[in-house]
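Sharing a structure below in structure tokens format, with a few things to ask.
A, B, C and D are the chain letters, set down in written order, and residue numbers restart from 1 in every chain.
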Amino acid sequence: MAKKSMRQAINEALASEMRRDPRVVIMGEDISGGMGAPGEDDAWGGPLGVTKGLMPEFGRGRVLDTPITESAFVGAAAGAAASGLRPVAELMFVDFMGVCFDQIFNQAAKFRYMFGGKAVTPLVIRTMFGAGLRAASQHSQCLYPIFTHIPGLKVVIPSSAYEAKGLLIQAIRDDDPVIFFEHKAMYDDEAEVPDEAYTIPFGEANITREGDNVTVVAFGRMVQLANQVADKLAKDGIECTVIDPRTTSPLDEDTILEEVEATGRLVIVDEASPRCNMATDISALVAQRAFGALKAPIRMVTPPHTPVPFAGDLEDLYIPKPEQIEAAIREIAA
Amino acid sequence: MAKKSMRQAINEALASEMRRDPRVVIMGEDISGGMGAPGEDDAWGGPLGVTKGLMPEFGRGRVLDTPITESAFVGAAAGAAASGLRPVAELMFVDFMGVCFDQIFNQAAKFRYMFGGKAVTPLVIRTMFGAGLRAASQHSQCLYPIFTHIPGLKVVIPSSAYEAKGLLIQAIRDDDPVIFFEHKAMYDDEAEVPDEAYTIPFGEANITREGDNVTVVAFGRMVQLANQVADKLAKDGIECTVIDPRTTSPLDEDTILEEVEATGRLVIVDEASPRCNMATDISALVAQRAFGALKAPIRMVTPPHTPVPFAGDLEDLYIPKPEQIEAAIREIAA
Amino acid sequence: MQLNRDDLLKAYRQMKTIRVFEERVHDEFATGDIPGFVHLYAGEEASAVGICLHLNDNDYIASTHRGHGHCIAKGCDVKGMMSEIFGRADGLCGGKGGSMHIADLSRGMMGANGIVGGGPPLVCGAALSAKTLGTGGVAIAFVGDGASNQGTTFEAMNLAKVWDLPAIFVVEDNGYAEATSSSWSVSGDAVKRAAGFDIPAQRVDGHDFFAVNEVAREAIERARSGGGPSVLHVKLNRYFGHFEGDAMTYRAPDETAKLRQEKDCLTLFRGRVSEAGLLEDAQFDEIDRDVDALIDEAVSGARAAPVPGAQDLLTDVYVSY
Amino acid sequence: MQLNRDDLLKAYRQMKTIRVFEERVHDEFATGDIPGFVHLYAGEEASAVGICLHLNDNDYIASTHRGHGHCIAKGCDVKGMMSEIFGRADGLCGGKGGSMHIADLSRGMMGANGIVGGGPPLVCGAALSAKTLGTGGVAIAFVGDGASNQGTTFEAMNLAKVWDLPAIFVVEDNGYAEATSSSWSVSGDAVKRAAGFDIPAQRVDGHDFFAVNEVAREAIERARSGGGPSVLHVKLNRYFGHFEGDAMTYRAPDETAKLRQEKDCLTLFRGRVSEAGLLEDAQFDEIDRDVDALIDEAVSGARAAPVPGAQDLLTDVYVSY
């Protein structure tokens, strides 16, 4: 197996599903790039090059660049999904959901229920999230708690290149609307990624590390940080179980509850804004259903309740840091 | 003091602030009604008559009907707030936030932070929420957890006509963007409401009932249900403290923590979808900061993770019911 | 008139079905037995029927909150619709959707929609499916005058043109959005706006079935043959309030009475067809009787049908859990 | 030409300031010391300056992600801007906003905006404030060709017309939205689209300061005197990539070089003004020296300025907590 970047893993997932199923089409702003322009074709392949090479292979009929018109093309993806295609739409930054959320949460997400179970809407929305690139308040948000809140959506947050490929292929084969969160600071992160297609099922958490003292649940890029910290603490005799839920909706409640039953201690690391986020969601799950096992307060490591600041030093203070995770674990492990 | 409906209480709050401050303007679809039409002026006063009578008193310059164009007029309200007016925009149903969320969460909510503390955006958005009117999936949602998630917004949920008047006047006088949630099934609910203007501060919970056994936190219409259940249980010797936080952002954490310290038992009643909602938010607060006091698992009473169904019997099953609240309290009170 | 007798019979039957359906829902609503918000299409029948007569199950439409007429014209089962409106388990959506969410994807009906302007983007998608899968289908978004001001509608028009989709946007301008006159809320008009996108557009009298049918034929043929999107601006009127319960004080006192007398699309249709000697009174009367019986049956069926139960609350959120 | 010498001097100084500012940010970005996404306005100066020359601090503008030029033309402090772009505590936004969020409400600059199409609704609000409070002000939204397809832009145009607001929508059509040509993404054009709303519109060569200044004068006078909104379609070009780091492979190889040679707004301005004998070379040269010195100072000031600290992270979320 070769080391591949998350960028390449996602590209491979798209290519393999487009080869496999002619109903898979992709769309988004500059996902190929150069429409109507005098220079090169496929000039961009998305702003970060993730979709590069797909248009040359699959043609403009299946790789659809769009005007800047998120409501129309995300809605078009929803409508296409309900009428026979399996579209993968790219919402460049999840921060842009505010101009097209209706088509996601009131249309795609609710078709099946409102229509009495008769609609099938195999829509995937890929989107970039997260802080760390000095992209400031309107290009750095996580927002997955908002999507997790909405019944009818599935929400996926891969924590590595390997996870990204398997989860994206699963997302494309899934018959429900899925929103797929790609951390913008992770595209160059490498992992062993098989060349062939593989799927990782939704709602099955990945236990990346086992230990008896503290359970740590983390999402997306925070999984990496949690693992680093756990490695470090192991040297001091504090052994952590680290859980990557992979999907926040559906959520693998059983694995989380079982692991908390075993350790009695829980830290949750969530890069999203702290109110009504995944850290609170999992805290609540455990405080309701594994209360008897808890030996210490639950600890949440999140950013503060502020927009994401621009200046590098402020942004670094904003994002959850290994030291904060470590402090939280130590505090309750003691 | 006279008994007044929540409809009238809100109308009085708007009228009193419009009299007091010429910068207060209101806008929304048919908030007066009849623009360009051959029949009566002020034909609607909003779809439920809440703003009736304001146009005749304040004129079309300050009571602005709009085309169906939520992005434009909610954004206009934000822009007007940043440039000298104090607008109150009506987003008819909060379910429509999906077509205008960007102007709320990326623009109004973030101005102050992004601009280094130099913007003041005294914007109020009034909106209808909640189930119970057989209005189906796209007209019955709560969605306040989404707004609570966003730094820079204040989120208000009055639980009675009295609360509505005082909190809305506070909202209009507040210098930050506020979203004000009116439960559509409560407009006819009556309470003693003073004729004169009064304010209820944000971030100060109301303890509607005191008791030693169980703390119940509820929001909006659920406060009424919680009080009913508490009255009933008192006869069986189970004494509840019921807390109405009034605002979910800012949240009066201290009152909640103090009361849980006292009772050691917590039930949260939230009409919003169960994932990443206020019930999880408060569970997490308590599991982190009052863990030592907790004598029993936290219990959350919420609807299921489904869209709101249309048929009456299904909707009644969907909405949290007194029996569920009672069962949750009894379970942990024992 | 390119229509044969069968077409005329079908058109009349559909328009009449919509009319009787809506008048009956109006009456039943007054009994208090229909829950929720109900928006009636009566008066606008020539638009839905005139347009959908050109369509088959391969074609898609997206409708609005005022969706009953489009549903019937697109072939949705009338009894299933009535049951849905009453919130019954045998409703088209199992009672989970109600009046504002009736859909039948198997007939190409993508749903009434509770969100003003919700449909146009969806229709771009259905048109894209048709184009990509080569089904030969077209997709039509019905929007109101009010919805014609919503950003989604403009975006969808531009996208349909840029992507060269077999999509048609029908602006049903009934003069009002709730209590607001379109003469105030719509600056410019739908035809000029279409010109802004280089999209061919036609204005048509929506009381005149034949006029609607004809402009729709052109637009649909253009779409089917790869000629891209069109806009139709259909001027018409609604007979009832915005929703059931609306006192309509914003309208002139005699407005609807006059419209019913002078502009009724059914009366105009019958008059014109009779005059041309294409159908006989007996044929009309037979349809009238059929339709009355059908709607009676639909209402009594709906009233007798079971309501959904607890077992239905949690299903249909996802295909796979 | 209705402009006096002071106007011409001011216009040249501002255009030159923008140009040197942007060329310098380009160079500084290449050193790796400027964080985040930076979009440069070089090449488009005649638009911002030609328009904003008519404005005062009572007037508002809303800008885009490509905001530096609008900021300078609207009177934002150049040193504060540079510090902001470097993320320093003395930046116009205390380092919290960065290039995409520079604002100064005291100068009527409502912010660059990271959301394409974010500005037009805000401008309706500023225009409403002006109208309601009787300030005599106008409000101008700058949008790109790409943003001209966003629903918010259309909605704002209709609302401005329906509310009869002193608002102007300037579509700065630089031929591209990221890597996508406006010839492909924009069906119709901005002038035709304005006609769809019955809004007066003008197309203008954005390389020609005087042409821009003149059409802007008309539109702004109309707005100030209660004549309602206008649209300007300004055709121009950007010299750098969409953002810093863009290799611009979608453009023709010699495209920007040719533009700089043939269409440069500064060169055209200087040539025309010199030819008419209105200003002398020495005057231009003096401004050039001033501007170079100012930008040098701005950069060295920004580089030397302290960064914001932990105490700044949690402030400025709310006015009251």
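The working rule: contacts are C-beta pairs under 8 Å (C-beta built on N, C-alpha and C of every residue); 3 or more make two chains touch, one makes a residue touch a chain.
As the structure is a computational prediction, the values presented were derived from the model and not from experiment.
Asker: What are the mutual neighbours of chain B and chain D in this structure?
Answerer: Touching chain B as well as chain D, we find A, C.
Asker: Need the most distant chain from chain D, centre defined as the mean of C-alpha atoms.
Answerer: Max centre-to-centre separation from chain D belongs to C.
Asker: Using Cα averages as centroids, what's the distance between chain A and chain D in whole Å?
Answerer: 35
Asker: Between chain A and chain C, what distance separates the C-alpha centroids? Give it in angstrom.
Answerer: One centre to the other, that is 39 Å.
Asker: Compute the distance, rounded to whole Å, between the mean C-alpha positions of chain C and chain D.
Answerer: Taking the mean C-alpha position of each chain, the two centres sit 45 Å apart.
Asker: On chain B, where are the residues touching two or more other chains?
Answerer: Within chain B, the residues that touch at least two other chains are 67, 69, 71-72, 95-96, 98-99, 102-103, 106, 113-114, 136-138, 151-152, 305-307, 309-310.
Asker: Counting only residues that touch at least 2 other chains, which ones in chain C make the list?
Answerer: Within chain C, residues 93, 95-97, 101, 113-115, 149-152, 155, 158, 162, 184-186, 317 contact more than one other chain.
Asker: Which part of chain D faces chain B closely enough to touch in the complex?
Answerer: 60, 62, 91-97, 101, 103-106, 110-111, 113-115, 118, 120-126, 128-130, 132-133, 135, 139, 151-152, 155-156, 158-159, 162-163, 315-321
Asker: Residue numbers of chain D touching chain C in their complex, please.
Answerer: It is residues 149-152, 154-155, 158, 161-162, 184-188, 192-199 of chain D that touch chain C.
Asker: Once bound in the complex, which stretches of chain C touch chain B?
Answerer: It is residues 35-37, 87-89, 93, 95-98, 100-101, 113-117, 146-147, 149-152, 176-186, 248-253, 255, 307-310, 312-314, 317 of chain C that touch chain B.
Asker: For the complex, give me every residue of chain B touching chain A.
Answerer: 71, 95-106, 109-110, 113-114, 136-138, 145-146, 148-152, 248-249, 251, 272-273, 275-281, 283-289, 291-292, 294, 296-300, 305-307, 309-310
Asker: Contact residues on chain A for chain C in the complex?
Answerer: Touching chain C from chain A are residues 23, 25, 61-62, 64, 66-67, 69, 71-85, 87, 102-103, 106-107, 111-120, 151-152, 154, 174-176, 203, 250.
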